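Both complexes below contain subunit A, partnered by subunit B and then by subunit C.
Now for the complex of A and B:
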């Protein structure tokens, strides 16, 4: 009876998942083996040519796959470094102060991406806010190029990734019983030591969840590199978009998608293994 | 190590305010070396706050706290060298039992062999040998409680603070652990300050009990004194059950006074009477100090009463009886056999020395 009710409740989600995720995915996998005739139409086939074209090309591997991974690692790492203290700080606030801070942190998610990018253009421009500020602070003398450059892409990906990191960390931090830290202080740990030995390990579930989301988003990012990137910021999501919609090479775009998903899955699996070994296996009840 | 005063803890005029709320108000008491002292009081009376100020988790708004003569009022918790056992145990969930116990020793940079021995020893003392590799979530509540204790004991603190360490355990285990804890405390001769709202726990374990109410101390005394001579209505009511009579002292004789309660009841009350004739007093009487008889006998206080209600508690029976003037009275009796029935008239015999007197304002009248 109970199981049947649960199945009924799950049915719409299962249906949506099938229609919007599983079927398209199957179609993508199938298409990735098709052949493209020059002049832009595809014929049904079963060939690995799309895969060898990408995987056999050192240029693609370095400038697209490896490049995307590097950008994703870099931006995720910066988001964590910046987001962790922010989450810690917010966890200690209440009331109005907290609401203001939360709104600020969540703003990248509340403002549409296009508005966001236009806003950042004002900041990034040659004589824009960022350059004026940096020059005024004598960090550098000449305006630096942020717009249509990797720097702008990285800054924006970090900015958009932060809310996910902060939210998932905040959840973990607030689950920690305050007496855990008190107990550590009681047996002789300084604030600093109590943080590293108790608070930090106990926030790993939140950090892990945030990492998974932000890494995946940034690894497959396409809108930000499209709008802010340069000709050499060939992130894999952007390349897929170009092949599919501009070059109309669906089989190649599909094979790139499969490779992207596989690469992401491999990296996440590695991360899951690492975090599990380090700490998560201890915290989660074995089923 | 031991200072000349012989005091392990001195709490002097300590206050804690949260905004306009006064959680602890001008609290002063001492704990002597090797002594077991309980902080007892109803929920919200400031016991935990007081204990946490001594441990350094919260800062006192006013007053001073000394540990072994040293003023620690402004010292951070890690510098105070006191053991603390939390009500919820606060075991670190990502560390095994052994790691939990070893953490403080590692911070003290003791060598590996020493730490291993000490962990082993602490776990043996608390009956946890063999549980070293378990995680806290793989333990029962009672076992977690022992780990929390072992973690504190491993550092050989001169002073152990405990905040209702047994309150999350079931009754049988609580009683067993209570004894174990007390034996351990005596064996290690460890100064202990123990917070509880369980009077039985406080009375059975403590050398002295500090009773708190509304953020203030109302009584500091040995368990026997607390129970037998509560000296205030609050203590009498909070520790055990008490019958109250409001009356007027009508006559004072040789060690025995006469107190008139209402129109029909006259009590012959012994024991250190200093109240003048005519003064208003409150008479306290423990239910188990009343003897219940089937027939009238000779005695200083022999009262007829009607049985209204009987509760069976196992070892005892509690009668609710009504006196002719309408006063209700609890009587506790052990002899289950030949007991009275509801509606029957019985005789109550009370020794004059079993009454306690306080004045109407609540202060002792003796």
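Now for the complex of A and C:
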């Protein structure tokens, strides 16, 4: 009776998720082996041509896969550099100040991407705020191209990624027992020293969680390069979007998705290995 | 207590600068949308002309209607499915619970690009790619994990003796659900509904893959608009999206706490 109740309650959601998440994902893998005739319609097949078309092309490997990895690493790193101090500061605040800061950090997550991009375009476009200001201050004479350029893509990915880093780090920082830091200070450690040997190692799990989210988000991004990118910012997500919706080449788009997931998983695995080593080394050194 | 030293002061300064970075594009959009002189700052007055232009444009009004209906339907579907599943997850013990939990969270674990493409490829081959059902399903599945997360928290705080009392005085399971369980979970349900709505209302990636012609949600319409035209009407439209999100944020924060809900 009890088991039947649970099964009945779970069935709708489990069924929906199986039919609309798991099956489509499997379908993508299957589709990636299909053949496209004259770049127009798809026929069922079992060919690796979509994979070799991407992996066998130096251009795609350099300008799409490697390019996406580089952009994702760069933007994730900048998000961490900006987000870490912010999380550290917010963790020490209370009451109204904390609420205001949290709301500001979280607002980009709840305001749509297109809306945020609009604001950035006002600031960064040719005759926009930043260029007018810089030219008025005589920092430079000609408007600099920020939007529709790699700069715009980097700025926006950092902007969207930072809140996730702050959130994950806050979870970690708040779990640290304040008496640890207190104890270190009492035995004469400087603030800086206490931070490096107590707080910093204990925030590694939060940092790692944030890195995973932001790296995956930025590596697979298509909306940002679509909105503010240029012809030379062919991130892999954007190529998937273009092949699927504009060129109607579903097998190629599907194979790119499989490659993207595999690359992402490999990089994250490498990262977890690196992090594990880092943390272990620090602990060993402490003994 | 130690007095604030240089380190703390530097940290505070850095944080405020980062906050300015996060908030600047939002503030600028709001200012441009009520500034009479298009894009010329500082603002020279206050006008609602841009909003009027945005809200009387047939295309935008239609897109707003689409987004509104889509958000409400997707949120209703997601919350219904999530509520039932969460009831089972919190109240019963069974084998494979971890696996089911993974399944429920799976839309969050897959990059949105892949999720959208997968649904698109799937629906195209089933014969109704780019149809209204595809769009609604995409949105509903995408927000489902968020609903499950809020409702789980709300259900875990639930005092089951209330239900037992109802059952003891002779109420059936459905009656107990309607007159005890749902009212007690009201705050959780409302914040879950609002969060799902606002995520759907602002979504761009899923809509761009799945929206059929003539059924363009507002963010996609705004994207198309600013691609070809660049004027303050776009700012008014963007501000409309911001204002709705702002209201939603206040509601969610009051009821469930924003941070708990948005954790990645």
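As a convention for this text, the second predicted complex is superposed on the first by the 251 of 287 C-alpha atoms of A that agree within 3 Å, B and C clash if a C-alpha of one lies under 4 Å from a C-alpha of the other, contacts with A are read in each partner's own complex, and residues count from 1 in each chain.
As a working rule, a contact is a pair of C-beta atoms (placed from the backbone, for glycine too) under 8 Å apart; a residue touches a chain by one contact, two chains touch by 3 or more.
These numbers were taken from a predicted model, which means no experiment stands behind them.
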Legend entry - Touching partner for A:115 - first (subunit B), second (subunit C), both, neither: second
Inset, instruction - Examine A:144 and indicate which partner it touches, taking first as subunit B and second as subunit C; both and neither are also allowed. - result: neither
Inset, instruction - Please work out whether A:202 is in contact with subunit B alone, subunit C alone, both, or neither, and reply first, second, both or neither. - result: first
Inset, instruction - Answer with first, second, both or neither: which of subunit B and subunit C does A:182 touch in the superposed model? - result: first
Inset, instruction - State whether A:279 touches subunit B only (first), subunit C only (second), both chains, or neither. - result: first
Legend entry - Between subunit B and subunit C, more extensive residue contact with subunit A: C
Inset, instruction - Mind working out whether A:267 is in touch with subunit B, subunit C, both or neither, as first, second, both or neither? - result: neither
Legend entry - Common interface positions of subunit A, toward subunit B and toward subunit C: 191
Legend entry - subunit B-touching residues of subunit A, taken from the complex the two chains share: 177, 179-180, 182-191, 193, 197-198, 201-202, 279, 282-283, 285
Legend entry - Residues of subunit C defined as touching subunit A within the complex: 5, 7-8, 11-12, 14-15, 18-19, 21-29, 32, 39, 41, 80-82, 84-85, 87-89, 91-92, 94, 100, 103-104, 106-107, 110-115, 117-122, 124-125, 137-138, 140-141, 144, 148, 198-199, 201-205, 208-209, 219-220, 222-223, 226, 230, 234-235, 238, 241-242, 245, 248-249, 253, 258-259, 262-264
Legend entry - Touch list for subunit B against partner subunit A, complex: 55-57, 76-78, 81-84, 86, 88, 90-94, 103-104, 107-108, 135, 137, 151-152, 155
Inset, instruction - Using the touch definition up top, name the residues of subunit A that touch subunit C in the complex. - result: 2-3, 5-7, 9-10, 12-14, 16-18, 20-25, 27-28, 31, 82-83, 85-86, 88-90, 92, 101-123, 125, 129, 159, 162-164, 167-168, 170-171, 191-192, 209-210, 213, 216-217, 219-223, 227, 237, 240-241, 244-245, 250, 253-254, 257, 260-261, 264
